[in-house]
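Before any comments, here is the structure.
A, B, C and D label the chains in the order they appear, each numbered from 1.
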Amino acid sequence: MQLGMIGLGRMGANMVRRLLENGHQCVVYDRSSKAVEALVQEKAAGATSLADLVKKLSKPRAVWLMVPAAAVDKTIADLMPNLEPGDTLIDGGNSYYIDDIRRASELTVKRIDYVDVGTSGGIWGVERGYCMMIGGPKEPVQRLDPIFKALAPGTGQIDRTPGRDKLTGTAELGYLHCGASGAGHFVKMVHNGIEYGLMASYAEGLSILRAANVGAKQGDVDAETTPLRNPEHYQYDLNLTDIAELWRRGSVIASWLLDLTAAALVEDPALEKFAGRVSDSGEGRWTIKAAIDEAMPVPVLSTALYERFSSRGDAEFQNKVMSAMRYEFGGHLEKASGK
Amino acid sequence: MQLGMIGLGRMGANMVRRLLENGHQCVVYDRSSKAVEALVQEKAAGATSLADLVKKLSKPRAVWLMVPAAAVDKTIADLMPNLEPGDTLIDGGNSYYIDDIRRASELTVKRIDYVDVGTSGGIWGVERGYCMMIGGPKEPVQRLDPIFKALAPGTGQIDRTPGRDKLTGTAELGYLHCGASGAGHFVKMVHNGIEYGLMASYAEGLSILRAANVGAKQGDVDAETTPLRNPEHYQYDLNLTDIAELWRRGSVIASWLLDLTAAALVEDPALEKFAGRVSDSGEGRWTIKAAIDEAMPVPVLSTALYERFSSRGDAEFQNKVMSAMRYEFGGHLEKASGK
Amino acid sequence: MQLGMIGLGRMGANMVRRLLENGHQCVVYDRSSKAVEALVQEKAAGATSLADLVKKLSKPRAVWLMVPAAAVDKTIADLMPNLEPGDTLIDGGNSYYIDDIRRASELTVKRIDYVDVGTSGGIWGVERGYCMMIGGPKEPVQRLDPIFKALAPGTGQIDRTPGRDKLTGTAELGYLHCGASGAGHFVKMVHNGIEYGLMASYAEGLSILRAANVGAKQGDVDAETTPLRNPEHYQYDLNLTDIAELWRRGSVIASWLLDLTAAALVEDPALEKFAGRVSDSGEGRWTIKAAIDEAMPVPVLSTALYERFSSRGDAEFQNKVMSAMRYEFGGHLEKASGK
Amino acid sequence: MQLGMIGLGRMGANMVRRLLENGHQCVVYDRSSKAVEALVQEKAAGATSLADLVKKLSKPRAVWLMVPAAAVDKTIADLMPNLEPGDTLIDGGNSYYIDDIRRASELTVKRIDYVDVGTSGGIWGVERGYCMMIGGPKEPVQRLDPIFKALAPGTGQIDRTPGRDKLTGTAELGYLHCGASGAGHFVKMVHNGIEYGLMASYAEGLSILRAANVGAKQGDVDAETTPLRNPEHYQYDLNLTDIAELWRRGSVIASWLLDLTAAALVEDPALEKFAGRVSDSGEGRWTIKAAIDEAMPVPVLSTALYERFSSRGDAEFQNKVMSAMRYEFGGHLEKASGK
C-alpha cells in the first residue's frame, strides 16, 4: 500500500523504514530536505513540498502526519487546498483528542476522512514495532489495515493471554480501532497518564532503597529536627543496579520500564548525568483533566504529574509560604542545610 | 500554686511569665544561668541545679519539663534521685506519645505521677494563652488544674459554640484532659498533622494565584513542552497581600494561619527572605505512622508532609530516575531550564 | 443606591436583606413569586418578570444575578433585549471565570459593563457579611462601591493585621477589586480549592483521633492481614467534641471551619445523620485544571477533591482492578469484611 | 543439597516441588499432615513434628520457614531446643526486616545463622521461578547458593540488559545477596511498595477509560452539581479487555501486572466477581514508614496504600466530617445518589 508521511523526525522516519521493510511504498516530506534525502536513500520517494507529496500519491490518498501537536492544525490547513474528497488524513502524533473531534468534524464537511492514531513505543518502535491506538470512522481505519499491521509489533514472542484464543480482533497484533474520532488519542493519553504513575512508583521505591543507609550518616539534634529513633535500622548500602536487574527476573514488578531502568543503572549507577528536571508532555495533564470531568479519583496519577512539576522548581513559592507561616507562629528560621 | 519549670527557652520562659502574672509561684532552672536570672528579675525563684530546684519545691512537688524531645529521658534520669513518691512530672514539650506510655509505666513503679501535655500556641502563647492537650492519670491532672487554667487562654472573646452551654468541662477554657498517658501528646501530634495540611492548602492555593499571569509570559514550543492552549485565560497579576487580607474578612477559609500569612505578606509581599526549605518536626511524621497503623487513609496529610521533604531537595534522586527512564525510552534529553 | 437582584435563593434573598438594612433600594425578581413576595414584605420592590425588573430600575441600571452557574447565560440572554448601553450586569454566583472572560467580551460590544463577583460566606453571610472577590473594568466596580461596602463585613471585631495601617484599599473591609474580567471568580475558585484542602485536613486528622482505640478491638491474624504490632499504643477513646472545641482556643489550627466542626460535633457527636457522600461544586475542579495549566504542583488540593469523588463510590471499578490483579498473581481472594 | 521446609502452604509446597525437580532433597513439615503427605507422594521426606524434621536433617542443617509473618517468632522458639551451633535458619516469608535484625542478633549468640529471604512471584513461582532478595551474613548465604539457584528463574528467555555482560553476580539469575541481616526483606518490602503504586496506576487509568462515556449519561443540573461542560467529549464506549491486551504489545507500559490484568479482563470484562475491597499486607505499610524515617517523599506509593484503606470503607468518618462542615456553612444537605 502507498502512504504519504509528513514529518521525518525520530518517530516518522523510523515508521517509514518499518513500512518500507514490509513492502509498502512511502512518499515522504519534511521541512528539512536532509531528512527527506536520508529516506530517499532507503527507497522512499521524496517530496519537495506538501503539494508535491500530494501530487505523488495515487487516489484515494492516505497522508500520515507525524509532526508536533502544536503544528498539526497548520499542516492540515496547508494541505487542504491539495486534498480531495475521499482522501484520508492520519494524525499519528500526540494531539489532544479534543482537537481530533473538532478536526474530524471540520474535515467531514469536505468529505476527507480523519483518523487519529496514538502511538507508543518511542525510539524502540522501529525494532519492537509500534503499539497503535486508533480512532475514527470504520471505513478508513479498515482501509489502512495493511499499514497498521506493518507498523505494529505483531504477536512476536509475547505469550498469549490465557483465554484470548476465544476472542477476535487485532489487539494481539498491537493495534486496535478503539472507537470514534478522538478515541485513539484518548486511549494514548491515558496510556501516558499510567506511564507517569508507573515511572513515579519505581522512582520513589528506588529512592527509598538508596537512602537505606541514612542511619549511618551523622545528624544534628535540635528542636527543629527529628532525630532518627533507630539509626540501626538504616545501615544498608544497597546496589540499585543489581536490584533493578533482579526484579526483572520473576518478580511481580517486572516491566519494560524496569528493563530500561536496569539498563540506565548499568551505564550510570548514580544517574549522575541527569539533573532530575523531568519534562512532561500534554498527555499527562490532559489525563487528569479528563478524570476530573469524569469525577474519577486519580490521586496516584495526579501526584506523579505534580512530582514532575516540582522537579522543575515550580513549588518554590508555596514552600516559601510555608516557611513564612512557620516563622510567624513559631519564630522558626529556616535551616541552612535542610532537614 | 507552686511549680518547678525546667527549660527556659522561648516556650518555658513565657509560660513562667504567664504563671507569675496569674499569682502562681515558680522555681525555675535552665542550663543557661542567664535564662534563670532573667526570670528571677521577674519574681521567679531561681535554681542552680536540678537538685536545687527539687529542694526548693514543697511536697508533693510538681515539676514541668519544657526541653527538647530528645532531652526528656536524660532530664528525667537526672531528676529521679531527688524526687519522691507522690511527686508529679509534667512533660510539656513535643514528646512522642509512645515515649509517654513507657515513661508513665516506669515512673508508676516509683509512685511518681507522669503527665503529658501537648502545647500549641507558639510564640504567641504568652499573650493568647496556651492550648493544652493533657494525658495521664486523673488525680495529678486535677491537682494541676490551677496551673492549666492560668496557662490556658480562657474563654476570652471567642464566640461560644452553639449548643455548648449544655456541656461541661474545660475544653472551652483551652485545656482538656484527653485520656490516659500519652493521650495529650497523641492529640497534639494529630493537631500538628492537621496543621501541615492546612499550611499546604494555603500555600498551594496562593501559588496558583501567583502564577495566574503565566499566559503573559513567553514560552517555547517544542515536542517536549505543552504550550498553554489558552494563554488569554492566565493574564492576571493578583495582589496576594490584599487577597490574604480579604479572605480574613467573612470568607469560609478565615483562620489564624491565614492571619499569620496575611501579616507575612504585608511585610514581604514576595516572601523573598525565605528560601522555601521547610523543616518538619516529629509530630507530622508520627501522625502518618499512626494513621497507617490504624489503616486510616490520610493522603492529604501525608502529601503535605512530603512537600516539606521535597522542599529540601530530598526528591532529587527519584527525579533522576524518571529522567533516566525518559531518556531510555524516548531519547528525551533533559531541558536546561525546566518546563 | 439602587440594585436589581435576580435570583432570591438563600444567598440572593439574604443579600437583599443586608442591602435594605443598609439603606439601599432593591428591585427583586425570582421565578418563584413567593420568594419575591417575601422580600416585598421586607420593603424590596417586587418585579413580575425580567422586563419588569429592568423597567423599575433607573438608568444607568445595575442588575445583580444570583442564579445557578448553569443558568447565567440564559438569564443574560433573556435580559439583553431590555438592557441599554451604560447598564451594568453583575454575576455574583459561582461562574467559571472563563465564562466571565467570554461574557465580558460579548457585552462590551453592546457597551454593557459586566462585573464578576465571587462571594464567600454561605448562609452566615447575612449576619457576618459577605467576603467579595471582584473582577471587571475599573469604572463599574467603583460605581458599585456602596453596594459592596454594604454587603461586606467591614472591619468588625477582627484584629488588624500588623503593618496593614501602611496600606490602603478595601481588602480590610472584606471586598476587593482583584483585576480584569474573571479575576473575581478566579480568586473565588482558588478560595474554594483551598477550602477543600482545609476541610480534608481536619477530616483526616479527626478520623485518626477517632480510631485511636483500634488496639482495643479484636483482629484476626492471617496471611492477608497485618496484625497491629503494638495494640497497646492504640487504646484511647477520645472525645472529638471536646477536642474540636479545645483547638478553637489558642491553638495554631483555630479557624472558622473548625468553629463549624465544633458546632456540628456538639449537636451530633458521631455525625450519624450524615452518610459521608460529599458533593463538590465546580470551583474545586476548576482550581486543579488551572493549576495544571500553570504547571503548579497541587497534590494536597487535588487529593482533597479526589476524596470527595471517592466518598461517592467513584473508585469502585479501580478497586476491582486491584483486587483482580491480586487474585491473578497471588490467588488472593477478597476478604468478606475488609482489612 | 538438603533442606528442611516448614510451612507447606501455596508458596512453601511449590518451592519444595521446584527443589525436588532440581535434584535437591527436602524434609518437609506442616501443621496439616495432609499437606505433608501430598509432598511425600512427590518424593519429599515427611516429618511429624519440628523435632522430627530437625532429626531427619544432616548437620549443618538448613531449615527454611515459609509461615505467616506473625508465626515466625513462635516457630523459631519451638525449633530452638533442637537446633545446634552451625545450623542455618532461613525466613522466606513476609517478615518485617526489623524483626530480622533482632532475630539475627539473638541467634548469633547461639551461633545459629539466620538468613532472610524476600520472595516474589506468587502462585506463578513454581513455573516461572522465584525472585529472591536475600539478607544475612556472607557464609550461610554462599552455602545455600545451590538452593537459591534452583528456586530462582535463571536467565530464561528474558533479554539481557545492555551492558550487563561487563558485570558479575547472580542478579541475572533472579536471586541476590542484598546485604546484612534484614536487607532481603527490606528490598522485598520496597518491591511491594512499588507494586502497590504500579497496580494503582493501572487501576486509575483503566477507570478513566471506563468512564469515557460519561457524557452520554443523563445528569441533573442543580446548585450542588457541576454539569459536564462538554458532554460531547465523553462519548466513548471503550473495550478495556482489548485495550489491556493492546498495551502488552509494544507499548511503554507493558508489564507482568498488565499481563495479569489482561487475563483477568478476558475472563470477566466488568470484573463483576470482585467487590473491590482491596487487602494490604504489611510491606506496603512498612515501606511508607521507612520512607518517612528517611525523609523521602513518596506521595505516589502512600496514596496507593491509602486507596486500599479507602476501598474497605475506612474513610467513612472523614467523609462525614466533610459533609457536616458543608451543612454547617452552606446548609448543603447530602445528595441521595452522589455526584
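A few comments on the model shown:
Here, contacts are C-beta pairs under 8 Å (C-beta built on N, C-alpha and C of every residue); 3 or more make two chains touch, one makes a residue touch a chain.
Since the structure is predicted, the reported quantities are computational estimates derived from the model, not experimental observations.
Number of steps on the shortest path from chain A to chain C, with steps defined by chain touch: 1.
Both chain B and chain D derive from one sequence, and where they touch, over half of the residue numbers involved are common to the two copies.
Taking each chain's centre as the mean of its C-alpha atoms, the one that lies farthest from the centre of chain D is C.
The geometric centre of chain A is 28 Å away from that of chain D, both derived from CA atoms.
Averaged C-alpha coordinates give centres for chain B and chain D that are 37 Å from one another. Between chain C and chain D, the centres computed from C-alpha atoms are 43 Å apart. Taken residue by residue, chain B touches two or more other chains at 122, 200, 202, 204, 207, 229, 252, 256-257, 263, 280, 285, 293, 295-299, 303, 306-307, 310, 312, 314-315, 318, 329, 339, whereas all remaining positions touch fewer.
Residues 9-10, 68-70, 94, 96, 122-124, 199-200, 202-204, 206-207, 210, 221-227, 229, 256-257, 260-261, 263-265, 268, 271, 274-282, 285, 299, 303, 307-308, 310-332, 334-335, 338-339 of chain C are the ones touching chain D in the complex. Partner chain D is touched in their complex by these residues of chain B: 252, 280, 285, 288-289, 292-293, 295-299, 302-303, 305-307, 309-310, 312, 314-315, 318, 329. The touching residues of chain A, when paired with chain D in their complex, are 97-98, 101, 120-122, 125, 128-131, 133, 152-153, 155-159, 161-164, 166-167, 169, 171-176, 178-180, 182-183, 186-187, 190-191, 193-198, 200-202, 204-205, 207-209, 211-212, 214, 228-230, 232-239, 241-243, 245-259, 262-263, 266-267, 287, 290-291, 293-301, 303-304, 306-307, 339.
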